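What follows is a pair of complexes built around chain A, which joins chain B in one and chain C in the other.
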Partner chain A sequence: MLEASGVMVFYENMLALNNIDLNCPDNGVIGIFGANSAGKSTLMYALSGIILDIQHKEKMRGGERISLFGEIRHNGEAITGLKAHQRAQRGIVLCPERRRLFPESSVFENLAIGGHLATRAQARETMAFVMELFPALKKLTRRAAGFLSGGEQQMVAIGRALMAQPKVLLLDEPLLGLAPSIQHIVVESIPQIRKERNISVIVTEQYARPVIPYVDYAYIIENGSAVMEGTSRELFENPDIKAAYFGCG
Partner chain B sequence: MFYDILVYGFIQSLALVLMAFGFSLVYGVSRLPNFAHGAIYVLTGFVAWVFFKQAGLPYFVAAVLAIAAAGLLGVLIYYLILKRVRGMEVSEVIATYAIGLALLEGLRYLGFRGSTYTLPPALDGVSFIFDVPVDHQRIFLVVLGFAMLATIWLLTKYTRIGRALKGVAQDERAAMMLGIDSDVTAAIAVALGSMLAGVAALIIFPLGSLVVEEGYKVLIYAIAVCVVGGLGSWAGTVMAAFVLGYSQYITVAYGKPHFQMVVMLLAIIATLIIRPSGFFGRQKQLQERV
Partner chain C sequence: MSEPFKQRRRERIDRGVKVRSASIYALNSLEEIGYLLAPRMLLTCCFLFMPLALSPWPYWGRVGLSVCILALLSISFDFLANYVGLVSLGGAFFYGIGGYISAICNTEFGLPPFLAILVATILGAMICTIALLPCLPLRGIYFAIVTLMYPLLMIRLIEAFDILGGTEGFRGIDGFNSFWTEQYGLVLGLLVALFALRRFVNTDAGLVVRAVKDNDQSVRASGISVTRTKAKAVFLASLTGCFAGAYYIHMYSNVGISSFALDLSIMPIAATIIGGSGTLVGPVIGAAILVPLSELLRDFGSLRIVVYALVLTGFVVFRSEGLMNFLTRKYQQIERWVDIR
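Coming up: the complex of A and B.
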């Protein structure tokens, strides 16, 4: 169970996240929807602890002052002060926006580096699961990740995050820039991951339509604030939301 | 003359690989320019000398202890000093250069001056390659240079730590998301880099004498090789070592030995003017595709 309460993030005086409360139960799928720059990625950075690294690096180079407030709890314990790698060790693993694969490494090596926290047996088992989840990767294992198409890269990125043995998988805009046919493959993997790995997934997207059938509960974020939340059915039936996020009136 | 250049240029190239690879490894993984590299090189030589000549240990044991000491020094330098300034680029350079100065001038202060200090070669004897006489220590240098590259390659391919280093070298933040601690990998990188400097020192010093001034020379050579090859690119480092190694030896053969340093400095200047990212500017082409 991952909970966030009153999470606020300021970049200098700009409010990027305003008092976000979020609750992700065990083995649940949560959606976070919002337009570009609504604060989705910042929220993912806050949940995964990457924001602490961004804050530290900005401070060291004399850049933007980033202030954080609120609390994040995992299984009841506060993890607000834990660094990203410590949170990953607890099972909170981020699959970042724009994928960020290791471009010079092969697909196999990307997955192997992803298995840093896994035992040898876990790594072997997860590798087999990833190949079953995305059969398209089977014949690409020796290819450098930087030379793959966007869809293939996204599959590797999800696979790499799974190799870290997550309990809560954070997927930041997994469909960004993908062709609809590929979007389909990526989205369909979410219920399969949930069922077979028995983990929770928090997924963000700009455009909710392809993802909404697979989420239990969703939050709509606008300008850093959660303006609406509800089960996928409640959101789907709301006419304002329908027009703004599902592309039909 | 041709075979002379071929053989000795090759040896000089491998010597440069040995000198520069540690610097390249540290920069590649942690983005820290380790300006104390040359000082650690010299210090390892003197530590081995003290263990061997004053403590009377067998040379092999003294060498292993000296290299281990270099690794330990690397870890200490990272956790005590570099960790605090990491991310402030100018401070990184100033701090590491200050450590280097303190070590080198400290050695001089302790009385390690002049050219009376020598380390024994691991192998004696001379062989002929293409009718060119080559002493066995230089052959050992070439073999060890390749062995070092092979070891690093195997390490990054088959071990958990090596893979973590490779991940951090390509995208530090993505590695963090997978549970890799970037402080630990940076400390390991600085330790490994220092140990590589130490290995290089113990192979190369027996060819001449053990002098403090070598520290500044090795630092400039390492920087030249890394700048020409592309900072942080390991393949570029090896390629640049060969280009500069042969250039240096040709200069020695047709010009004067003391122009060797001029070659290195000109190479830095030329690279910065013509192609500032070096032979292999990091991942530029690949990044565009994403």
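Coming up: the complex of A and C.
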């Protein structure tokens, strides 16, 4: 169970996240929907701990000062001060926006790097699961990841995150720039991951329609604030939300 | 008597005078003109008064000139690395080419020092640009390695073929006729180079140069030749480097293969890091710290390299933004605690 309470992030004087409360139960799928610059990625960075790394780098560079407030708890323990790699060891693994693969390594190597935290047996088993989840990758294992299509890269990215044996998988805009048919394959994998790996998934998207059927509970973020939350049915029936995030009036 | 717990955040905001002087109305008030001019005048005056202040001690006068020489090379490095995206380790190449051409102009053709320096600066920059032309498509470490090779190559060529005076170099080059011309010639050269380059990077041509650093494919897609843009930028940087080299040899009346020494390529990097990369003024400040520091540490013999390395490592690890970026922020912004919620 991953909980966030009162999370606030300032980029210099700009409030990127305003008092976000979030609750992700075990084996649940949570959706976070919002437009560009709503704060989705910042929230994912805050949950995964990458924000601490960004904060440090900006400080060394003399760039923006990033201020963080609030608390994040995993299974009741506060993990607010833990760095990204420590959170990954606890099972909170981010699959970053725009995939961020290791472009010069092969698909197999990308997955193997992701499996650094896993035991040998776990890695072998997870690798088989990823290939079963995305059969398209089977033929590509020796190919350099940088030369794959966008959809295949996204599959590799999700696979790489799964290799780290997550308990909470954070998917940041997994459908970014994908064709509708590929979006379908990626989205379909979410319930399968949840069922077979028995883990929670938090997924962010701008356009909620493809994702909403697979989400238990969702939050709508606007300008850094959670303006609405509810089960997928509740949100789907709200006319304002429907117009803004489901593309139908 | 316990205060309720409040979360606070340290806020940075621009000073009022900074915001006001950012617009064209800055010219309406003396305060804002003063705010804009103060740092520029401070630097200019420091350098203009330096020869006067140092005139009783000729040794330290020479140290002051060494500051200017290193500052020129560092500006050239900073401009190429942080505005064009070409990390050049060939500072010594510019320097040596400038030095040798000026020596030849003076000894063979009998040109007076200032004319020889002028010819060496322009002709040297042309030669350097043409020599570097084949490497311009390279980026990052490849460009760095190739430019590092050039001065080493020159040393070996001069040794092997015994050209350009061989290992002896040229001697008996004319010096400057007085202490003051020597001092002010270089100080003015430095100030002109600094302010001209600062102006250049904000002109339209300078914007294109900076765009090449950000994304050369987009520049190409806009119909601009990347290689030509880079060549122009290298020409400007080598003007600065060649001037430094040409000036230096007239100060000491001889030139040799030490003009291509590796130090001259490496020291500018140190000065740029300490002063703040990407500021152009930063490298000048860095040079003004490094050169006197290394003179003061001369008594420690080879231990001075240790101190030197520690200072540099400290800056890289703890203040990689550099002095100039830090000072700019302090000058332009105030900090205060604000409550949140």
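Odds and ends about this structure:
Here is the rule we use: the second predicted complex is superposed on the first by the 249 of 249 C-alpha atoms of A that agree within 3 Å, B and C clash if a C-alpha of one lies under 4 Å from a C-alpha of the other, contacts with A are read in each partner's own complex, and residues count from 1 in each chain.
Throughout what follows, a residue touches a chain if its C-beta (ideal position, glycine included) is under 8 Å from a C-beta of that chain, and two chains touch if they have at least 3 such contacts.
Keep in mind that what you see is a predicted model, and the values were worked out from it rather than measured.
In the model built by aligning both structures on chain A, chain B clashes with chain C. By the touch criterion defined above, A:P103 reaches chain B but does not reach chain C.
In the superposed model, more residues of chain A are touched by B than by the other of chain B and chain C.
Of the two partner chains, neither chain B nor chain C is touched by A:G34. Of the two partner chains, chain B is the only one that A:H116 touches; chain C does not reach it.
When the two structures are aligned on the shared chain, A:R65 is found in touch with chain C, with no touch to chain B. The clash between chain B and chain C in the overlaid arrangement falls on one stretch of those listed (7-15, 43-51 or 259-267), that is 259-267.
60-62 are the residues of chain A that lie in the contact sets of both chain B and chain C, per the superposition on chain A. Chain A meets chain C in the complex at residues 8, 10, 12-13, 19, 60-63, 65, 67, 69.
Chain A meets chain B in the complex at residues 48, 50, 53, 56-57, 60-62, 83-85, 88-89, 93-96, 98-105, 109, 112-114, 116-117, 144, 146-147, 150, 153, 160-161, 163-164.
Listing the residues of chain B that touch chain A in their complex gives 85-89, 157, 160, 163-164, 166-167, 170-171, 173-182, 283, 286-287, 289-290. By the touch rule above, chain C contacts chain A in their complex via residues 7, 9-13, 319-322, 325-326, 329, 340-341.
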